[in-house]
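Both complexes below contain subunit A, partnered by subunit B and then by subunit C.
This part shows the complex of A and B:
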């Protein structure tokens, strides 16, 4: 594992719920990232976020990390959950709340 | 500019017997995709199959692709 992948692993493991996104939760820079934040907030769950726009290495490296070419990406307890479509779909089915223990 | 029909064609060429409904404005696209290869896979794995087919196009031509993936049976039951 190279440095970037290691750094991503550490970030993923740094909290139970970690969202890689464009911008910050209060100022998302992309509609899909904003939607992911809204869903997490609806679940009333505490989460950490990482702004990939502030780190080009992570922005590229995260695509390989989970073989997933788009952002946002949600991780719960170290496990890749999905991008914005999957996050929203799971929320609507009540599966995300279960996963988050919310 | 990428047209919805282009993406439909790429997916159909890469995924055998795929059915694709797609709309978009050249930058943002919404797709519903059904394919026998999705059977027994979770959503992440299904999306990864589609991303795999689109490859580097996801990094360049396609700015954003929102998708729902279905098995053929799910597709049929949704469309009655």
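This part shows the complex of A and C:
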């Protein structure tokens, strides 16, 4: 595992719920990232976020890490959950709340 | 329309969908008119039966790997089996509004 992949692993493991996104939760730079934040906030769950626009290595590396070509990406307890459409879909079915223990 | 057609053709060939909808949503975003950068695809296919959402999206991402590495910046995706599609009333959910970050031109 190279440095970037190791760094991503550490970030993923740094909190129970970690969102890799464009921008910050208060100032998302992309509608899909913004929607992911909205959904997590609706679940009343504490989460960490990582702004990939501030780190080009992670922005590219995260795609290899999860074998997933787009941002945002949600991780819960180290497990890759999915991108914006999956997060919303799971939320609407009540599955995300279960996963988050919310 | 070049990228849109290529997305449509590749998905039709690979996933044998009973319903396929590819919408160019680029005009909702901060890109020049006529761009082919943001798409929403709805794929209804028997091949998704028994697969979780992550796997379904991976199947689509794999088919469109070339486009995603190139000019396609965002891909909203709705993947359903024919039964799920019928239950959903044969409609796909709306995509979110742009927040401006796509000027950076990469996903």
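By our rule, the second predicted complex is superposed on the first by the 102 of 102 C-alpha atoms of A that agree within 3 Å, B and C clash if a C-alpha of one lies under 4 Å from a C-alpha of the other, contacts with A are read in each partner's own complex, and residues count from 1 in each chain.
FYI, a contact is a pair of C-beta atoms (placed from the backbone, for glycine too) under 8 Å apart; a residue touches a chain by one contact, two chains touch by 3 or more.
Please read these numbers as outputs of a predicted model, since none were measured by experiment.
S.K.: Quick one: on subunit A, after the overlay, do subunit B and subunit C clash, or do they fit? Just give me the call.
M.R.: Overlaying the two structures gives a clash between subunit B and subunit C.
S.K.: Can you tell me whether subunit B or subunit C touches more residues on subunit A?
M.R.: For subunit A, the partner with the higher number of touched residues is C.
S.K.: Contacts for A:59 in the overlay, against subunit B (first) and subunit C (second): which applies, first, second, both or neither?
M.R.: second
S.K.: Considering only touches as defined above, state whether A:85 meets subunit B (first), subunit C (second), both or neither.
M.R.: Once the two structures are laid over each other on A, A:85 reaches both partners.
S.K.: Contacts for A:39 in the overlay, against subunit B (first) and subunit C (second): which applies, first, second, both or neither?
M.R.: neither
S.K.: Is A:67 contacted by the first partner subunit B, the second partner subunit C, both or neither?
M.R.: So A:67 meets both subunit B and subunit C here.
S.K.: Looking at the overlay, does A:4 come into contact with subunit B only (first), subunit C only (second), both, or neither?
M.R.: Touch partners of A:4: none, neither subunit B nor subunit C.
S.K.: With both complexes overlaid on chain A, does A:28 touch subunit B (first), subunit C (second), both or neither?
M.R.: second
S.K.: If I apply the document's touch criterion, which positions on subunit A are contacted by subunit B in one structure and by subunit C in the other?
M.R.: 32, 63, 67-70, 80-86, 89-90
S.K.: Please output the residues of subunit A touching subunit C within their complex, sorted ascending.
M.R.: That would be residues 22-23, 28-35, 53, 59, 63, 67-71, 80-86, 88-90 of subunit A.
S.K.: For subunit A, which residues are in contact with subunit B within the complex?
M.R.: Spelled out, the residues of subunit A in touch with subunit B are 32, 63, 67-70, 80-86, 89-90.
S.K.: What residues on subunit C touch subunit A, complex-wise?
M.R.: These residues of subunit C touch subunit A: 53-54, 57-58, 61, 65, 68-69, 74-78, 93, 95-102, 104, 106-107.
S.K.: Can you check the complex and tell me which residues of subunit B touch subunit A?
M.R.: 43-44, 47-48, 51, 58-59, 64-68
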